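Worksheet: one structure, shown below.
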């Protein structure tokens, strides 16, 4: 194992960008965060306090940052709209790329990133689906591969956020791609992991409501949605996404096979504490996604770094990221149009009116 | 409270019929099982051993049984195909009726039973949806009525049976009405309880597979199915039914509101025992529906009896039984045809092709 | 199986007496409650309302009741102080006896009951240790007998009541025999069940506090106590009893063996409902002993009845009831004196001062 | 916040020593592991592979290591027998010290370390009781400080290891100080945290068995032991320690107050996965102490580092480490002698023979 440390830069110092920067700064032993970029003065000010003192050079120009001497990799945690462009530019500078999900909410743009990566096979380009790095999902997948549940047939997965009454997510909906692209894409990615990335959808249905934020309708979006994807190989995945949870983050997955079932997080909990009181027994729940998956992000940084330094395979294919967004977009379409979508056995979309 | 005991007869001594008979015989203090009927000599033989010694008169002719002097009520646990006919005949004899679900798998036939009951308002006629009598569902409903979860918006419910490799349920599918009518009807009934029986569906989707019993396709049925019902008042119910569970019966319900969530049975368990062993910590799960709901059936017998004797309202409306079967039948149609079904705001079915 | 019903009378219509009476009246199909006794006019008034209308003859004189023609058995749920006397009198009338625990808080008196029963081997005489009839404890014991935990070595058991701020239990302490006799006697009985009733104590220690009810000290009693019994065969049982729980009844047992562990009720719960709210996830806990063990009492009534009618063995030996009280009394002595108690290998008490 | 990194050396590269070294090497951003010592060639060989490449200087002489220029702190993870000596020597070199527990199994030696530290108040000297750094215990303590359980009265805590059939712990018993000193010292330390370090014992009892490793008797030790410490302020702590668990590590703590209870780890689990199979539902349990507390050790490294660099108070007092060992030693004495130990109200030991 080389003792050289991966020279990496962080693009974006917003909510997730900060976390990536800090994880590479101090929780990824084999990496060295050498640069960070943000177009936002407030975020740069944060960088001056928390990154600069440790030798991280700050930039307000992405292009300049990726031209820094000796740079080997970049972690992209900026707004979704610039993910693809920044990823492609970084590859142009011969840099490995870890890009926060999604590559884009536009499938064609996603495909451009994949294409760019295909041309530079020596580069490690990964779209960060954090659940793949969570130790519970890893354990479940390992048990699945041991055959403990027989042939997997039904996949149930939900991404449910604690309700944020600020209404932040209404404006966010304008460019998020919709709940199935923004939230369920994690569940869809897991589906590809457990069902195999070669699966071909047969039909898709979805329904949604706006229970707490009616203004979402302006953007054709919903705060609660349920969708079903039936696959040609006799499997079904169904998803629930919600921004309405009173209790906290609740991301649950069940993989149901012919001989057993695996569940992840069917008993949400922040930690191992229970409070027994006159009203019963209470345990708390993580407040947000990062409360549930913090260590998965740390593991993601470390495994990406190892793959770059040791030239070993990444744990997930970039093309899956496109497929996950595509399925999310179809679910969103089924949701918005109120129509079932159908596909033939090689995955071409078909109309059912003539059937 | 009267000390008179309700004179009741049991029709059918098959799997569920036996249970009803025994519950009225010895676990319903205010009732007295005085007669029982079965067309099946084997079942009658069982009755000779287990009922006759306690003063229960046995019949191989339903009409004769319901003509027995002094009879006040009948519990119907025969095959579904004769439920409606027997119920209507019993009402003709001025008997209260507790009928195992469903009244019929045919909506029109269901409606005839309701119509017959409407004409005899002094009779108590109930279709037994056992979960309404389960103490956990009762507690959840009470908490819901206290407003603990705000406005209920999403209803998730599943009925999942332990896999029976004998293939029994293949032949059963010929006349069961399909999985959504046979299994999910319980979940749909609960939906009516929590969302209100006046709710009007807006659109319905469903998808299914045959993972363990491909022969089901002969009867247009499935061993695993997922369906979504969206209602006009901004609520969604989604269902999963399966006959494939390796571990046992797993019937789970979640009612998700704007300010909280209630779950019933998110941690399935037979009892309060855990075994700690070298492979971890294991608890067992009820093997079947009766293992989970036995005490609910006992309570059902007792509450039905009390309503008959004291002339108090039944805990559920007969018309709900029709509505539940209707929704189940639509889900089944959506499942079999691979098409979404749509309804206008007063519940009339509409085609979407012109939209 | 005989269809004759056991003619039984209930002595005592206080809190537990009422429950026994009602269980024999209407939840024990093979028994017929024919008489009931209470010295208390208020309790008798309750009997007039709830028992007399069903053909139960009421008595304010115990001796008269047990002389009623045709009576076969009596269930004793009066004050502990008269248990033994009433049991012995009933045996004198050739009646089977189900006596609420304990037979007495005085070991010598307990022994007299056992002696009386020994002389009438045709009578079924049982002291009701309800946990032996609980389905979870039954399941745990069955798993233990299958060898699933290897050789049992450590037994941890607690009886913890919801705090009753009325101070009722202070006066009650005057004659209860102390917490180890009154509360832990259930845990000790379970110890005898799992470790075998032949076990011989080697040494006993106990410590207690009065955290919520200092007045208990007047009666040399405590509201929280912990005790250890070490046995000569290399096993240990340890107990916690408390009257201070804020959350409800919490009776937990663990049987720890060389190859595994069985736990009963390590996750206390009233039912299968969980409420998810802004403070986390909450489940409720039974409020009292009967909330946890109601069905065990029903099963106790039924099994006692069956043993009487069919002349089959009772599920627990009367002598165990004496042994359990004896161990409780020694724990209480260790608690009050602040001294460890020692026994030689045949169970004779020894002083350690000379060791 | 200074960006300077604490220059620290690791003494001992055995099982725990390696973990400390690696935690300071790569999971403690503000520290820099600059040196490591082991007297053992095999351990040094491990250091050559895993530490030297990252700039860590290796030593086979402790004295030389602590004389290295620029060194500021040392983490001691050697054999218990040299902890105290190494700690005192390090203080002599003006180094901060993080010492694995216990300082010594000999109380007098412990006190020497405390005395040495008292003379150098500018140095941070901490004995690592890892549970104090576990997020669940932290959360429980915070809830306790918010008054959520009223006045704490009963403390139950257990340290239970997965059975290691190799018999390793038999030889280990020769110098471990016995199970209460070696294992329960963590539970005792927690007691001091929750009950306050000023508490004075009133009486102590303990009982033990050798269920799986009879050879332990050679060293006056046990593989299962239960002990009770009653304190003068009306509180009780009771402990169970075992090396016999079939299922894995199970360290449980309950703090029971007048108005509620806090539990930590009453549902042991490795992660959030459940496997549903034909035998029920199974979850796994951490295999060992580090599987349960790994992140607590990382937090310990980080908090110790922060205290050294920022000259802020350590989260636990060194004197507590002595008190915890003292209580453990008394429990062990009560265990071995089969006698209760008594103390007067100012903590002086008294004989009870004259009481």
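Each chain gets a letter, A, B, C and D, in the order it is written, and its residues are counted from 1.
The rule is simple: a contact is a pair of C-beta atoms (placed from the backbone, for glycine too) under 8 Å apart; a residue touches a chain by one contact, two chains touch by 3 or more.
Remember, predicted model here, so these are calculated numbers, not experimental data.
A comparison of the B-D and A-B interfaces places the larger number of contacting C-beta pairs at A-B.
Averaging C-alpha coordinates per chain and comparing to chain C, the farthest chain turns out to be A.
Here the CA centre of chain A is 41 Å from the CA centre of chain B. Here the spacing of chain B and chain D, counted between their Cα centres, is 56 Å. In chain A, 149, 245-247, 259-261, 266-267, 270, 276-278, 284 are the positions where the chain touches two or more neighbouring chains simultaneously. Chain D meets chain C in the complex at residues 149-151, 153-154, 156, 163, 203, 205-212, 224, 226, 228, 230, 234-236, 238, 240, 242, 244-247, 256-261, 266-267, 338-340, 342, 352-353, 355. Residue ranges of chain C in contact with chain A, taken from their complex: 245-248, 250, 268-270, 276-285. Residue ranges on chain D touching chain A, taken from their complex, read 1, 3, 25-27, 29, 53-54, 135-136, 139-140, 143, 148-149, 259-267, 270-278, 284.
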